[in-house]
Amino acid sequence: AADTPDSLEERLRILERKLELAEEQAANNAREAPAIKINEKGVGIQSAQGDYEFKFRGLLQADGRWFIDDRAPRTHDGFLLRRVEPTFELTLGKALFFRIQPNFAPDNATVSDVYGELRLSPVFYVRAGKFKAPVVLENLQASAATVFNERGLPNELGPNRDYGVQFGGAVLSNTLSYAIGVFNGAPDGRDATQQPETDNRKEVAARLFAEPFKNSPGFFQGLGFGVGASHGEKQGSAAANAVKYRTPGQNTFFSYLTTVGYDGDETRVSPQAYYDRNGLGLLTEYIVAKQKVAVGSNHEKLDNTAWQVVGNYLLTSEDASYAGLTKPKRPITQGGAGAWELVARYGELDVDNDAFPLYADPTQSASKARTWATGVNWYPLGNLKIALTYSQTGFDGGAASGADREDEKLLFSRFQIAF
Amino acid sequence: AADTPDSLEERLRILERKLELAEEQAANNAREAPAIKINEKGVGIQSAQGDYEFKFRGLLQADGRWFIDDRAPRTHDGFLLRRVEPTFELTLGKALFFRIQPNFAPDNATVSDVYGELRLSPVFYVRAGKFKAPVVLENLQASAATVFNERGLPNELGPNRDYGVQFGGAVLSNTLSYAIGVFNGAPDGRDATQQPETDNRKEVAARLFAEPFKNSPGFFQGLGFGVGASHGEKQGSAAANAVKYRTPGQNTFFSYLTTVGYDGDETRVSPQAYYDRNGLGLLTEYIVAKQKVAVGSNHEKLDNTAWQVVGNYLLTSEDASYAGLTKPKRPITQGGAGAWELVARYGELDVDNDAFPLYADPTQSASKARTWATGVNWYPLGNLKIALTYSQTGFDGGAASGADREDEKLLFSRFQIAF
Amino acid sequence: AADTPDSLEERLRILERKLELAEEQAANNAREAPAIKINEKGVGIQSAQGDYEFKFRGLLQADGRWFIDDRAPRTHDGFLLRRVEPTFELTLGKALFFRIQPNFAPDNATVSDVYGELRLSPVFYVRAGKFKAPVVLENLQASAATVFNERGLPNELGPNRDYGVQFGGAVLSNTLSYAIGVFNGAPDGRDATQQPETDNRKEVAARLFAEPFKNSPGFFQGLGFGVGASHGEKQGSAAANAVKYRTPGQNTFFSYLTTVGYDGDETRVSPQAYYDRNGLGLLTEYIVAKQKVAVGSNHEKLDNTAWQVVGNYLLTSEDASYAGLTKPKRPITQGGAGAWELVARYGELDVDNDAFPLYADPTQSASKARTWATGVNWYPLGNLKIALTYSQTGFDGGAASGADREDEKLLFSRFQIAF
């Protein structure tokens, strides 16, 4: 019972229309459905129009610190969690960005970064909350990407995370970035704490950073340089006592006497640069922190300075980058050896000699620290880094009877998952 | 080589069947696939049958507090994080609801809300965990929705979040809601702390709230009124010493002497109402906290009272609401001016005069505080609120030699992201 | 105007091709789209190839503790949050696993578990971070699955969570699991704290556990047995003072004198077994903790021991399991009665008599504790458990003049949501 062609044509027409509708429906669904991603960068959900986006990322640093030859241990050898930072980011309607990065690493949870950003144009944003003050280059590098377990000595003189408001952006085809902010004022080398804000005074911090050849492949493409600075009034002993310069092993080798107070403004200036080419990465920076201190009727302007050079070299043909390495070219899960990286650092921190003995105790606080470190980082597969590095730090002064503080010799291990 | 109609018919039949199957498949997929949403309300994942649902939401309040004319600063000017609350909610099989809202705002993370709810019917739920005791109207308003940076003086006399079990629900077409719970007992104006629970005694808190015209558009639709109350036994000085009445600037202006102890029950009663119509919002409440205190052989029943009126008016034709404003009608990203809101408050807190001088030190604690505040809130785009408000609080007593405590004059700023 | 067959054939061919393409597209989409799941096990997102996977799970335990006949209350009656643990897990490229489980339960947030795992094969993994040392059976059971609100007395002698590195895996068709790790060394019954690591010495912990009939249905299928052990050097009074044996009500009934220090190694050995069959679950374990302590010139080797038997029986035909019960067979939302479970425990902890009076104060510390408990757990619907149990603990010594410490009689309630 064959149909007549007429009826066939009718059925065909219906079918054509149905398929058209199904295709429209599928296209509509695709247009409206949020895009879900899960890969080595974590979890992402993006609205169909792209104006809302959620990201979940994470960082775990399980470290070991093994002090060698320490006759009078200041810190015990052992395993520790250095950073445990799940991160939630949300873009809300394109112009608004929200980021929260708790840190569960010490025994009590805190928040590392938390801020909102109004991104009115590529060249201008306003940011409010708690975040890194824009001064020290290695400090601004992501914690998952730093070459060694701990940042270097210049970091001890700069501000770390602070509470405030910042304006910034990037101009000239993204080759020049700027940031300027007003903050409560963080102690040298530390986060500002919210409770208590130690004084009524505020601090301004700013940074200009150029990557002039960023968009031009070639020898200079990976070059970036700039300057960060801060200026703020600080008063009182609570602020001065928060200053504690630390070794790589996180032992304090310099602090002011508890009777010392800040006595006016602190100014920091930090010229800085990095250069990456193929497997080679270099980072160098200098910082001077000019501090006015007083004790009793004595007043002094102190210039504390620090500098460092950090280098890393990837032996397995991956590219070195200030942003760190996410994926080895030949992971062990594919029969490769993973990525291997040699690392080295030299740095110095020099406390103004006028600090002694009126403002700091020469038998407790060293006037100078010199540190060198070297080691190897292994990236067996994506998101995983296993590091073993050795760090040695020597001092001028800091012990009884004019002697030098004992060298700190330290073996660092790290098991890091970052996504 | 044209096919015969028969063969064409065959191919057509196959095609029809195939399309039918593909449509069924697509329908099945749609029926089984969880629905993902990401928009100005955050991230949501809902199972296909709707019985499981996950929500991620967040709140960031980056504030500034700038005290004016403060001769002896009690709190330093500065930036602070007032609330950093990511929220995770999960509905598990329709009847079970779970909510966790950590707060990363101070230097140590805590949890604001965390509870489970068994929702056996629309008119009845059981809730257990840590959550707001059902007493003070403005306290129960979402933190993202309050008109000013800080809640008013009645909030200082009511309980805040507490540990316990609550029954509640809504009846009469959702126009009457009720809640009654048993709690550890929170100090006036504060969260209960878990460690240590200060005494063996418990507190009962309850609230009845009516919105009789909720479902009837018209002049009275936005009217809600009710009464909250608590009654509990309290004993000892730890409980009494946790009582600290604060100014909007979060400075304590009244506390009991450390030798004072609770000596029996505390009863709080709080009639309350709000009214919203078009751009106008009003909220008013009164509270009396009747406390039995003792020191040595002296016993006293004290009646501390507070009340306030809060108003807000949206200039840009959005509707005012107790639930707050999520989206301006004309966001700046669409060339508009955002939403603009004028706000005002007046409130008083009156400590029973019998408290002085036996139970509180008149040179340290004020017997009365009067506060007024005004300002402007700007919602440039969805999820973002920028607020600038001025608050002034005067006192009776609280300073040496019978003088009045210095007025608190305070400029508040806020950068708020809520989703 | 009928078409000619030729033209019909042309249209048909186009249609066939179009449908083919649409089917390919749909298949491609299905192949590439991540799979989203939301159900009684929480939220999961899995990449299309299955090598990346995200999971969000949670645990809330809202407890009540009601002490009966306590003349001199050591802990106040009240509601508390025992555990508030959202958990995020991420599998990154099959071989790498990341888990973070914060705990927001006390007033300050901490992290329970956080570790990374490199899973090179089913029989071998490396884990680094903070997690449970592999010694005590009930300690290793999930907190949501333990039969009673608090774990038993053997748990007081074993290590809890610690910082370190562990190797482990399962062999013989998953019937034998092993784990061995190096840790900082956790005090008896407690988590290790990161700051400060109390000494330079480390602890090795290991466990071998067999479920020989796991894959053979029958009478012995649910049998598991094994032994956990730890050995480590410990020095000094900080480590010894962290030892505090607790009752089920979390009151300390034994601690060393503050002048006592560890004086060498501590060795723990714990044989252990469980057996599940149908509705019946049994768990038993013994532990000896051999500790070298010293005070002044006195040295002693102490053997503290504990053991317990725990049983549970499901009255409503669900199967008992070491992993706990997720879903009742007949939830109340489907007209059923939920699942009902009877539970019972007996346990003892015996402190070495040589500890008294030189190392512990017999008027403060008991030399022996005996505890029994019984109660009922109700699972009204999936993910929810409501428990009411009674626990009674008696002591030898621990009070003035050679008297026995007052019995602890304690009613526990629990409202638990786990997913």
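For reference, chains read A, B and C in written order, and residue numbers begin at 1 within each chain.
As a convention for this text, a residue touches a chain if its C-beta (ideal position, glycine included) is under 8 Å from a C-beta of that chain, and two chains touch if they have at least 3 such contacts.
Because the structure is predicted, anything quoted here is derived from the model rather than measured.
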Equivalent-chain rotation between subunit B and subunit A, CA atoms, steps of 5 degrees: 120
Self-contact between copies subunit B and subunit C, residue sets same or different by half: different
Distance from the mean Cα position of subunit C to that of subunit B, given in whole angstrom: 35
Contacts with 2+ other chains: residues of subunit A: 5, 8, 12, 15, 19, 22, 26, 36, 102, 108-109
Complex contacts: residues of subunit A adjacent to subunit C: 5-6, 8-9, 12, 15-16, 19, 22-23, 26, 36-40, 42-43, 56, 58, 60, 62, 64, 73, 75-81, 84, 86, 102, 104-109, 331, 333, 380-384, 415, 417, 419
Parts of subunit A lying in touch with subunit B, wherever the complex brings them together: 2-5, 8, 11-12, 15, 18-19, 22, 25-26, 33-34, 36, 45-47, 52-54, 88, 90, 92-96, 98, 100, 102, 108-111, 114-116, 118, 128-130, 163-165, 182-184, 193-200, 202
